[in-house]
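Going in written order, the chains are labelled A, B, C, D and E, and every chain counts its residues from 1.
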């Protein structure tokens, strides 16, 4: 779902789309945690705080820190901007 | 307990009413967590924070995020408004 | 220890007094958690935050929310007022 | 290590000194938690927050609340004062 | 990686570099927690909060408090300064 170097908007993603996004961004091993354990779809992804990502997904702390900082947070920021304009 | 498109006030709900509300709003699988595990009646529901919903009910993170954001928070906001006027 | 409709001051309560207070206010089932598991006397009760009551006593979330909001918090507020005057 | 009614400065205490301090102040049963489980020396003691004392030592909540409020916090306050003058 | 008494910048450290740093600074026993359990590389280390260090690594509280205060925090501060100038 990434096009033109711009971040996609996960608002309408299903759980499988969330998993695929994290697989495509280099977190092959962690991506399934969004599906099997916690059923995170796009709307849920947009509601996750740093703490939710670090403690709610049973992902190792090292990758979880990067998943939040480099992916979840930018996706949320981009979504907010898109919906404000 | 939903009528006329307006949110109901859970102040006097028993635990079974809370369960029925979440069943009716599409969280069939999660609804029983309010009853069996934690005995949440309407008064307790009005006192729950985001963190209580996410970590206190043993509901998967994905649905829990939506239960709080789209249901518990609006019910609490509506209750506060009703009792302020 | 409740007299004249006024809230008592738990400052000098032993653990058994804490248990009896919560039994008398309708939390028969939860009251023993203050004793057996955590040894909460009156001084400790006055130091408890909302989070301590919800996560530190292994009480179900529904009753715990009401124990804090309708009992622990008012007792603490009353104690502070009594000692400020 | 208590002299002249003044609080001591734990900055250079070893783990055994921390244990002895809490034994001497009436927490015989809880004192060993500082040693066996968590290796808290004086420098670590000065860095502990309320939450660390309540959730990091596996001490019962009742005594933990008093250990923090009546001992750890005053020792930290005293240390800060001594090092500011 | 320590030279001239100045703190190094962990931005490009691999997990093994993080482990070696904590071994070299006196936390031989705790250093492996960064590797085996949580896969903390330099970028992750720069994103860790006090709470992450204390609760996310399964390190004893005493050493964890010192690892954060005397090492992780100064490394982060130094990194921020280096990248601001």
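Operating definition for what follows: contacts are C-beta pairs under 8 Å (C-beta built on N, C-alpha and C of every residue); 3 or more make two chains touch, one makes a residue touch a chain.
Just so it is clear, the structure is predicted and the values come from calculations on it, not from any experiment.
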Which whole number of Å gives the spacing of the CA centres of chain C and chain D? 26
Just how far, in Å, is the C-alpha centre of chain C from the one of chain A? 42
Chain contact topology under the given definition, line, ring, star, complete or other? ring
Starting at chain D, then chain E, how do the chains run round the ring? D, E, A, B, C
For chain E, which residues count as touching chain A in their complex? 15, 37-41, 43-44, 47-48, 52, 56-57
So in the complex, which bits of chain C are touching chain B? 54, 60-63, 65-66, 69
